[in-house]
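Below: one structure in structure tokens.
Here the chain labels run A, B and C in written order, and each chain numbers its own residues starting at 1.
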Amino acid sequence: MVVYVTETIEIAGIIAFTSSGIFSAMQKRLDVFGVLVIGFVTAIGGGTIRDILLGHTPVSWLRNINIPLLILFTSITTMYFHRFVKGLKTALFVLDALGLGLFTIIGIQTGLEAGLHPGMCLMLGTISGCFGGVIRDMLLNEIPVLFRREIYATACIAGGLLYLMFEGIIGETFAELISIIFICGLRIIAFKRRWGLPSLPRFRAK
Amino acid sequence: MVVYVTETIEIAGIIAFTSSGIFSAMQKRLDVFGVLVIGFVTAIGGGTIRDILLGHTPVSWLRNINIPLLILFTSITTMYFHRFVKGLKTALFVLDALGLGLFTIIGIQTGLEAGLHPGMCLMLGTISGCFGGVIRDMLLNEIPVLFRREIYATACIAGGLLYLMFEGIIGETFAELISIIFICGLRIIAFKRRWGLPSLPRFRAK
Amino acid sequence: MVVYVTETIEIAGIIAFTSSGIFSAMQKRLDVFGVLVIGFVTAIGGGTIRDILLGHTPVSWLRNINIPLLILFTSITTMYFHRFVKGLKTALFVLDALGLGLFTIIGIQTGLEAGLHPGMCLMLGTISGCFGGVIRDMLLNEIPVLFRREIYATACIAGGLLYLMFEGIIGETFAELISIIFICGLRIIAFKRRWGLPSLPRFRAK
């Protein structure tokens, strides 16, 4: 049952991440191919960096044709029905929060399986969840929104800590579900209440 | 004989890709070292991403000193004789199109050897052919021209499909030659006729 | 003894690289998380690219929790006491030069151990020393300062050549110390005398 839930969340997460990439790309003057690449990179970028850092190659999306197909399908649908999909803003936001939670936990589990220090696993989890968006913004020639915005990576880190603490006590499955719900919930509450990390006093060179 | 043809095209492709990088870099205020790095990255970036995604390490240029030497030589020549080389615009354009074709097919073949799904091989081929230019543009702080421009990646994808369809029927060698000629030809015709992909309606946030 | 010296220099280098990242990030409007990521990437980026190109995975910082901890501690200290740390400009500059020297030589040694051509090792050394700053600038949406600035990468290349020439004659240890001192010294002198690489005549497209 849990496997089905996890798979459903993964599909939801990929759809949400892809759409978010497509929307970002459509704000710039890109052609169809460019928009497709951005959608793709947003969806699989974080997991790809994780796999490369760990040496898990060929990276995971190269081994499962369903992922690129799902991204392609989502991209085309989003491009074609962008006015309609835009109306689904709230739904997409929740899917994105769910995906963020799931991808973070997958990243942590991958690190634990590779026998890494829990602190490293936490970093890998955050990278898995957040860095697709970082590559997207680099390609779109912007400072990553992740570095300026409301609670996003922080939710991953907090939820990841939760997972690492409880995984040994209540079992992997329960810890996974609780952490995903926690990340997703924190993300939504933070967004609603406009919580943000303090930005540092601007430091002037010279 | 085919090996010689392939090797000659590879050399031509590296020369053309390097020069294109050098010219892009010279439009910005970079010092000699910066221009060299951009030339290098443009020439080997695509193949490097392919090798990293597949786990073929050390990546291929690290195993063949002739590639960096060729790039270094081309870079210095291009920088020194830039007025003269600029006059070779048409020649460089054709070499670039040839290189694009060859690198795409090499990427596909590498994927097939690794036992990947043909769809993945197509993606790897496109990455091999096009993503050196993407890294170049990221380093030069611009949105990759590949995402906005005329038919470029599309030629790789079309030619790659051709290769995958015919490789089993007419043999690797013939399929390779036909696909390279196809990519190169499509690229040249598209450029001459100013074909381009449709750009999407600009999507406004909020 | 040499091991202790090397370890001390490595710690000094990581501290200096991290602070330099933090300062760069604080000139932009980033939140605390963004500044942390930039500090981290500046410190470990070069070595990470080296490890990925070579296939040394999991990359080195994933295998040693002390490195992330040192970076985290340095980052927080630098953010909190940024006015004070800024006053240490000269000290940080010297540490940075020392780190640059050491990381370059470590990169070269890693290449030699992997049985690569000395020319490749030189490139790997330069990448290890310099490319953390390149990723930092890409993330901050700027053309890498390395490509425009005074003698920086050039010092790595010159010092690396020195190491490769003398390593067989006077032994690894002595060659290492001499090269690090050379890179560090050249960097400091070049900075004081405002030496720079020639920038190329700006090339106009069209």
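Throughout what follows, contacts are C-beta pairs under 8 Å (C-beta built on N, C-alpha and C of every residue); 3 or more make two chains touch, one makes a residue touch a chain.
The chain list, named the UniProt way, goes like this: A, B, C = Trimeric intracellular cation channel family protein.
Just so you know, these numbers come straight off a predicted model, no measurement behind them.
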Tell me the shape of the graph of touching chains, choosing from line, ring, star, complete and other. complete
On C-alpha atoms alone, could you tell me the rotation angle mapping chain B onto chain C? Nearest 5 degrees is fine. 120
Inter-centroid spacing, chain B versus chain A (mean Cα positions, whole Å): 30
For chain A, which residues are shared contacts with two or more other chains? 52, 55, 138, 141
Write out the stretch or stretches of chain A touching chain B in their complex. 23, 25-35, 37-38, 48, 52, 55, 57-59, 62-63, 65, 68-69, 79, 82, 86, 138-141
Inside the complex, what are the residues of chain C that reach chain B? 52-55, 114, 116-117, 119-120, 123-124, 134, 138, 141-144, 146-149, 153-154, 196-205
